[in-house]
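Have a look at this one before I ask anything.
The letters A, B, C and D name the chains in turn, as written, and every chain counts its residues from 1.
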């Protein structure tokens, strides 16, 4: 194989060495993975959600395995904006890989506060807005399921984010994901990432209680991959292709073949979530596998592959 | 075990010997299964979708396996209303198990026509409306994703269905399934069945084409089970419990434990779909398993279990 | 049009593996033994019929033994059963042994390679309709591509045993030498005598080989090899001849065309992705002509086939 | 507060099974051998640390060998790794052998039972922080419930080897006799001598047994047995004593209470459902007190634990 094969991509205003990210919430703040992989080999890195105030997160159990998947209800446990800046940012600023901070909150002001505070931090390439959170101000329905709220939150954060790249992460739990995608893009999203997890439940039939302390959780893993691929392709065709907006595709990716499937469907880059738990070095293997695939297919530039579904 | 344990249920105006159905499209018109199971042992039987006119269905491949699931895009292949009456109904009328005819169409008139024609057939206990079909008259969006259309189609068929039981089968591909459920119930649905399949896609990375001739298909199987359980519980809590409307729960059921999970979540009965392909006698085993579970838990009447989630 | 089979015998049975031998790079031959009702049911198996095998809980080979191009697909867990036809069926003393020639090309068949003697698997069958036997024919021509050889070996045995008056000749093709799913080394002398393949020679059936790259036998498609051979048979009466074929669909289409041109009866064994194998899911549709009309219908590969009259199939 | 471990050594390693023995109805002991970097990494394993094992491609036992109450859950395919601690670790001539005492109670551990010598599994570790050794103590009391015995056997070995001056006594409990995860038959004489369990006697550690139903040993909870024993030890100085415990959370809570009442140091090994085992997913949160404040924080079982000071944990 051509070891020097170039699989670098244009990702909004960034040039990335390769199209593989690790997904928010599955790779900590990078330092935890250091024993298992060289984070700088990634195309991009996305932190666990950061909120304005620290969050303890939910009671346990917070995870449960399902067929080819898992539910999680971590509850956005994180150390909060200030501690993030004090304790995590110094290490992050030493990374050469572009780092995106995943931002979550309960009100639009929460999101804006995080983005504003970090907008001037050199160490950060951009933000990923986790809009699957419940909007407490509006009765707790997820921001991401209502196009009007998506518009509002995206424009507000866009303003706050300065020249940072703004990625909006879509929830798959909607009737028509293109409607949400369009709202985000028209309100200023530079990149769309999809999908987040599916709301789901596992019941312990012995105790007749939900297994998760939070009752419900988000389904991720290979189980959801075919739905995610469909949604990426739909958003690509209906929203992002004509506008030249990149998609970060994710949901159940575990092998290079999975990653290539998302890229053919329309993703410019992909992110690895649940698979990191099984194989912490999975992303690096996938980068190698994508190169091999391109080489075998005599694809000179990975751009030829993006959205190349016949 | 108490071999004579009674797990019969009230299912709208019917009394069923047990809460286990086979799901539409996975058990033909009953005769095909005869070599493998005694269909009369089921709680209820649901036919493959019947449409007014015969439908050849889609090109092949029509199915593809995924992680703990499969996609299908059969295209509602069926012999059409008249041939159904001529060729299938005679055998069906010999069954002692209550039979529901799954009805599909492209316009509301299509659905009404099938229901009207069969409303007087003794052999049939009721209908299951497959509202995941695209409404060709309204631009091809699925009936089941728009509450207004759900109301319209449910009331229209309800009128046509005479005293037959009307079950409306909900699509999970919506932002809030309770909204759809409420529309169906308020328009006269006697029973709700959920879930149908999730729209999804698998791409062949060698040819860079979708594997299915129809490009997309519906994801079913164990992969979707936790989402289906969540939706059943949500609809039970928010819509059907207070109204005393039974739910037929399905999506990925393969074992008695899975079935019990749905019942605890709020389903009065369950249906077995994809698992029939792996174990054609699966439904009968599940009936036995449910009895054992009830016996072990000293549950005298399965009604104690329905919606008993703490 | 295909032979009526003993449907009422079919069911879900456990079988015990008695052999699983690698015969070529990616090719294996699996032996399964049925007892009791399973033995009775499978004793009736006609060539071309198939079974649905549950391989979901069989283990994968160690990663380092999996070919690189299969490593990613090997990660997929298996949910559905897989259809396989037989290359041999022997019933004796209340037991029935069936053999399957298979190719490791995905998660289920890779798992299949780790089965070893004594392991048990769940099998649904026998399913579908087999080849119609050449009762009124003098010559039977068997043309296979790749893994299609399996059921034709079974057919060669059945014809030579049950219709000894019928002259059988076999043709087998593959891309290259290593993709021929046959076990025995091919010796030069037998080849010159027209017995290229031991699997057919066992039944005194002459056989010829073709490889796309000419690495052994005729260089080119097996259909061309067959067509050329057919052209040389001056004494062959179309009416007294029947062609049986199994292999990739493009090849079957070509064979169907040859048969049509020469007005020779022809049966083809078709493949489709199958979810159930028993006629309930409609996933295995085959577009067919309705005799004497322009109409098309879908028949089911698992129930109406897998063997079809080649004139019927719309390729 | 727990011992600093050699984190930089941890990684993903392949291990080869050297033994997998059924010791009781549902209990097994698995032996894994590491070579090369894996051997170096695991040679450093401290009692109480654990590893994440990938069992997803290991086969299930035949259906008829699976206990009825596990048949349904056995159908679930395994995706995530599973955490296990060790009951023994031996490093010799460049190889490290670790042993795991485990109970077959779900899809992954059922699969584990089919591993046999020569099989290879992928292991991440060693992970987490082990028990703090009793450097300044005179007495170490080990209290286990069910499977919790594993890491305490390992600990008994480490203490008796590294701190021979420390007197160690072990207590093991279970619901009933058959749920005690110990291998050797318990002979009456040894029991009267205070050596109820061979696994501890090997290290000259006295041990006592308790079963809820009294089918062997003390009748009642092991915590009651322990508490009663403690009450009888007039000469025990709280300051010079340390309790180590591993088992169900309710039991650990009880032990923590006893330790608090008696003002004895106590370390508990906690369990949580874990997705990653390496501190990235936050699934394994343990609610802890912040020393000297009313504040609570979540610590991570996999990273900050699994061993915690019992005063720290909010049960």
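Just so we're on the same page, a contact is a pair of C-beta atoms (placed from the backbone, for glycine too) under 8 Å apart; a residue touches a chain by one contact, two chains touch by 3 or more.
Note that this is a predicted model, so its numbers are computed, not measured.
Which chain's mean C-alpha position is the greatest distance from chain A's?
Checked the centroid distances; the maximum from chain A is C.
With chain centres taken as the means of their Cα atoms, state the distance from chain B to chain D in Å.
From the centre of chain B to the centre of chain D is 47 Å.
Compute the distance, rounded to whole Å, between the mean C-alpha positions of chain C and chain D.
Each chain's C-alpha centroid was found; their separation is 54 Å.
Between chain A and chain B, what is the separation of their C-alpha centroids in Å?
Here the centre of chain B sits 34 Å away from the centre of chain A.
Got the chain D residues that touch at least 2 other chains?
As it turns out, chain D has residues touching two or more other chains at 76-77.
Could you list which residues of chain A touch at least two other chains?
In chain A, the residues touching two or more other chains are 66-69, 221-222, 257.
Which word fits how the chains touch one another: line, ring, star, complete or other?
complete
Quick check on the complex: what are the chain C residues that touch chain B?
On the chain C side, the touching residues are 7-8, 10-12, 54, 56, 76-81, 124, 272-287, 296-298, 303.
For chain A, which residues are in contact with chain C within the complex?
Checking each residue of chain A against chain C gives 68, 222, 254-258, 289.
Under the definition above, what is the set of chain C residues touching chain D in their complex?
Going by the criterion above, the answer is residues 57-60, 62, 77, 120.
Which bits of chain D are touching chain B when the two form their complex?
Against chain B, chain D makes touches at 71-73, 75-77.
Which residues of chain A touch chain B in the complex?
66-69, 71, 145, 173-176, 198-203, 205, 207-210, 216, 219, 221-227, 229-230, 233, 252, 257, 260-261, 264-265, 293, 308-310
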